[in-house]
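To start, the structure under review is shown below, and the notes come after it.
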């Protein structure tokens, strides 16, 4: 029961990722792209967790936590760059 | 799968090398980063693709992945990070001194 | 401590650097004292290594007590000891010269100097190829720090070029190491040779490529013809004491080549002849390039930088045709050329300080203050540098020439060696003529930094180097016989292998996947 | 010098007894270089010459040179030269001879440039060094070859194997190299040109080096090597031809010189040619004549130079057209000079006559020139004629002729001590001239014995040999010479019209500059100083070498099959294909968008994320975590730097360059793909089984990757954190004191600079993130994690405080000196390693065990954890130092006074 | 500063860290809790500088109540958003709305803004503490005042209760 | 409902919301409306999948592990901040374009 669910999950998240990538490529604004990148990070968390479930990869949690933290930091940095070009001042 | 991985490494290498050959410091940094992805992955795949479990020395586990390439890559990643950070700052310094971000920083010839 | 002797040349600078960082706020005098103390210890340890290693036993230091090839080992043999002692001896005058003010022109000079020594000594002592990469990175990053020390556009520009080129080289090094492990499943140098012998014919093509890549990395460091153009620019951009220290950097490339060739490539028939067909030509090309560069040089620093290029090419001749005679000659030549070119660079610093805006460029500058002393130094180092008798340069040259007599192209090699020495003599004579003899600018336009002129540290540094050069000239025989013994030890692969990994057949290997 | 002469004379009896005195100190025996000396007849003769004339020169120079000069430089160089010269003539080891040979070149260089204020002196010195030093190098090659052919560098051994040497196929090469050395040193045509310009040296130097001794080193070499190298046709052809040309040419030019020292210099060239010619004749008689003439020439030419020096010194000029009638103001000097000049011309009863007679005799008696072939006697006569002409001119123009024209000084006799050396030498001229057999006979005999391999012909040193052809030649030469002298003005006019200036110092300098220019253009051509060019070369070199290695080594197994291994190839799943597509998209977009920098950063991070996920997918969680964190920190740094880089990048490279780079990059990519495929499809044998087996029992951890990092290969990790610390230190050193401004931006409201939600939420996030960091740190040894990742997490959490609140806000609260933190971190890691010394173990030997603190369950503590703590601290220090330093670049931007010069010119 | 304030400057935080630790460690054994509490005590000491020094009142009951409300809203409203996103996106009336704030505490305002963002249909753009307004963006806002009212009663009032301001 | 079924449900629902967020990203007309999708739907979706992982872990091993919750916790704390900054960035970009 879990296996088909995971497969469906993979497909759904994979589709989401593809759509997000499309937005990333399309833009039009930089904010759009950063938003897409941020979303990609969250999609990646989903993918990692699903990968953990399907392939028995044991350390998906740590990866997920780290992607969450680091994705956030990346978004903050990119946004601050866009706002005032200075990330730390 | 082996073809896929090899081609991926090749693509990373090619894009990395191409960017390293661009005239701006920024592109060079990007290129070196891409090249380091390729390099790290290449070392990592020294343990081949069809390897087994994570390299944990736990009773009951068998057929674990070769841990050595992973350790090497970790070292390589960290060293690469230090180098990139330093290169970035050298590029900044050259910009501060010369006013341009050309890799040859205003060299006349 | 004797048990840890092989490790001390790495540990001493590391601990010193740590202390210097913790005491980062301390006065420069305190830092100099710490550095000086450490250098004293280092030279002692290095000398101890030479004395100990001269019994011909290959000593192995197992880091973490893990046996090779599984853990990292340091291997102390004659070659390693020679390189370490050379580095340490060179460090003294560089340090002394830097205390004449160079070390105050930026931050962390002494820490970088110590890290540089740690990197160099670590590279010379390690018996592990990946660890060699790590220490290459240490010595490179330290050299980056030292290169840009003092600031300025030229240094920043040279810094970019040097860093990027070396990072590309490091990437190649990693590719080679990745393939090395991927094909041979080991990282230890001795085991590398053993594993090479077991390579099946169908795998030899790719393994040879891996070896070629590895060799290229070292050729980049050694500044060989098509990939050596970086060297003069880097050396001329650095402050002169730093450039003097950098002289040993190309020798790291030569050292690594010698190691990898003698322990690795010579072990298997399909790699033994990998370099011969082309390395001699590259070496000759490098010599020609250096000689041409010398003629084109507009500063004393540039002249010496090109001399370094020439000496690199000369050393490569031995790598191209490795034998006891050629390696011994190369080792003697390496020692003396390192001391001599470093001395010339430090002397250039002395002159630069007295010549105001003319710096070390080959244009008429203000009249020098200490013509006699500086002139004698110039004469002495110049004679040694162009390989004129009776100093070490001449001895080194005749050793290399004799060793090359049996090579494939003796006439060409001899011609290159002789002509490059001739060009060096002409260029140095002209440099002396311009710097010492051409009438200077009137005193009004003289903008020399008077406070820097009586730089006792620099003079002491030059004195030390002079003494070393005299020593290797007068006691050429013991040095040369040590070099010969080192060369023979390098070529005695079996002894090395059994010292490092014991019985090669007993190494646990697992077939994967 | 006098002492040296004395000691030489002490040994002289032995030499006269026919013994060769040998003396040896080992220097570099293995490589053929020993401090081995020999004293034979030839050596003794030269020793006496060198030291004897040397003493006189020193005496002379004491009066000649102004006291204000830095005389010590002169005397040191002169003594150095004398030592070198002695070394040449006394060397048993021929490598040692080369050593001394170059010593004389070098000291000659210094002495010629003695008056370095004059540009001509400087250039002439370099020209002399170039020619004689260069010749010395050729000689070195010849010596090394000869040593290898003869099997020894000892002259005695070589002499004994002379026949083998001459029969060796390398003999012509050796001969030519030796002759190059001899001819350059002895100023033989076409290498003669340096010698006249060496006259820029003070006259004592000219007298000593450039007439009596150094230039004799070349002919000495011919003499020394005569038993080994002479006797062949090749020797005869080359040596006698070159000698003859030099003999005649030098004599002719000497006549044309108006400068006193110029005349003497070319006369020296000519006489050296004569000596060379004699050696070239391959007959014992000629060789003896040569040795004899060496002595005679040294004596009369040294005295002539000294006389010329006196004239120069006392009149202030050396131009013969400006002087005249000096006989009346300085009669004693005049008499001395006239006698010496007579010897030079070959006037009977003077020593020059004797050797010239021997020369004529040898010329006539030579078996190669019988009655039909008169070329040699004719040449000899013509040379003799010019010698007479220029000698007469010298005497006439200086001492007689027209009265002096505006000479700078009023001439008078020099001080007596200054004239004394000349007097002694002229006395010798007469002594030898009158009593040849008594004066030089024995010395000449032992010297000839040393030169001649076989029996020495009986040397008849007599003033009168009766009426014979040589005497006739002398008479003819005198007659024609005097006639020539009277017609000399015609020749001067000719000379004015066809001045051959190719060999002047100006020409040398022009030649040198030309070489410099050519080199500069060559360097400009091959070394554009451009990083891009160097990189192209590097990558091309790697490719060529790699392909070459594959091509040559893979031949045996079939080239293509070397790239494909036997392992079965796995199937591609959908997820992997998708990931591959994303990677492709990311990497290519990074290239495409490289000029829109934020975009490029974004695409690069997408690429990196795929690589991280790939690591995770292939069971490398540590790698994935590390790669991910490193990438984000890198991106933050990149963005921080981007602020200071110009918005519009520099001009794009040309299409052709992009094509070239594209081809190169593609080739590199193909190469890596090929190697990767070759690797992935091959099985391999690894040592890693040991690590798997020993991680837990030996390293105390189950995460083998981590145990490798902190234990098996902890030394690598130590190196790695050293690199990190240095990167931070390096950028600290680079940026400290540097101030930059980015492109002008709109002033931001405080709310935009420190967005309020960020600022407020980051505060609770910090402690929570630190807790996570501790968690990652502690579990690292057994499960993925460890000091490095934990350090990055903590650093990022702290960094967010900087982002949210600004540098001032965060620094105020985080009172840390990051440089010191780096030191502490490295120190802890190092101490952990050193601690094992106390247990008698090597550096970094780990220990581990369980501790049971109260309440807490068993908690495994490995010493490696302390090491990891060092890693942790270094990472934090590195990241924060980098962040704060880059951020601090803008400090002072707002407080800087208006109109302050901007550091940043972008 | 009392000893308690010095030892436990942020009791809530201490507990939060201990809880997080237990969560991460995946067990509630004595050792884990002790280590968690130790960290909970040590980390705030180290980071206390970053806090403007105000251990405030915190009503746990009210907080839990608000949490349930928010979670409920998130789930329910996400369904609503799904309908919008999958429906006719051209017909939505999105607009910017200014919500006046009753609190002058930026921390509380930030939490409110976060809740606004997390609950579907609204998004905090900015907080202006000088003008005491939150700029928000509504995905589909047929009635602006209704939205403001809902935010103030549903989220702001409980927040003020929790933090006692 | 068994734990496995709950996990399956959560995975599919989570996947749906993740996709929903991305559809919003594609379909909605401007940056401000697009911001709504990922910050809420995707965050929620990932939260569901993460919890599913916990539940599935319990279903497979019988051990309760709630540490996955910390990922959701983190996302819920940070998502508003990201949205806030993104909106500010978008505003800035608009003002610059004008």
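Assorted remarks:
Each chain gets a letter, A, B, C, D, E and F, in the order it is written, and its residues are counted from 1.
The working rule: contacts are C-beta pairs under 8 Å (C-beta built on N, C-alpha and C of every residue); 3 or more make two chains touch, one makes a residue touch a chain.
Note that the structure is predicted; figures quoted are calculated from it, not measured.
Summarising the inter-chain layout, the chain whose CA centre lies farthest from the centre of chain E is D. Judged by contacting C-beta pairs, the busier of the interfaces E-F and D-E is E-F.
Across the assembly, the mean Cα position most removed from that of chain A is the one of D. Taking the mean of the C-alpha atoms as each chain's centre, chain A and chain D sit 60 Å apart. Each chain gets one centre point, the mean of its Cα atoms, and the points for chain B and chain F are 31 Å apart. Centroids of chain A and chain F (each the mean of its C-alpha atoms) stand 9 Å apart. Taking each chain's centre as the average of its CA atoms, chain A and chain B sit 22 Å apart. Within chain A, the positions touching two or more other chains are listed as 10, 17, 30, 34, 57-60, 65, 69, 76, 78, 80, 82-84. Residues of chain B in contact with at least two other chains: 20, 25, 40, 42, 44-48, 50-51, 54, 66, 68, 75, 79, 82-83, 86, 90-91, 93, 96, 98, 103-104, 107. For chain C, residues touching at least two other chains, in rising order: 130, 134, 137, 141, 144, 148, 151, 160-161, 164, 168, 175, 179, 181-182, 512-513.
The part of chain B that touches chain C in the complex is made up of residues 20, 25, 28, 32, 35-36, 39-40, 42-48, 50-51, 66, 68-69, 72, 75-76, 79, 82-83, 86-87, 90-91, 93-94, 96-98, 103-107.
The touching residues of chain D, when paired with chain A in their complex, are 575, 578, 582, 585, 589, 598-599, 601-602, 605-606, 609, 612-613, 616-617, 619, 621, 624-625, 628-629, 631-632, 635-636, 639-640, 642-643, 742-743, 745, 748, 752-753, 755, 758, 769, 772, 776, 783-785, 789, 793, 796, 799-800, 802-803, 806-807, 883-884, 886-887, 890. On the side of chain C, the complex with chain B involves touching residues 130, 134, 137, 141, 144, 148, 151-153, 156-157, 159-161, 163-164, 167-168, 170-171, 174-175, 177-179, 181-182, 187, 512-513.
If you check the complex, the residues on chain A that touch chain D are 10, 14, 17-18, 21, 24-25, 30, 33-34, 37, 40-41, 44, 47-48, 51, 55, 57-60, 62-63, 65-67, 69-71, 73-74, 76-78, 80-89. Within the complex, the chain D residues that touch chain B are 524, 528-532, 535-536, 539, 567, 569-573, 576-577, 580, 583-584, 587-588, 590-591, 594, 597, 600-601, 604, 607-608, 611, 614-615, 618-623, 626-627, 630, 633-634, 637-638, 641-642, 644-646, 649-653, 661-662, 664-666, 668-677, 679-681, 684, 686-688, 691-693, 695-696, 701-705, 707-709, 712-713, 716-717, 719-721, 723-724, 726-728, 730-731, 734-735, 738-740, 783, 788, 878, 882, 885-886, 889, 903-906.
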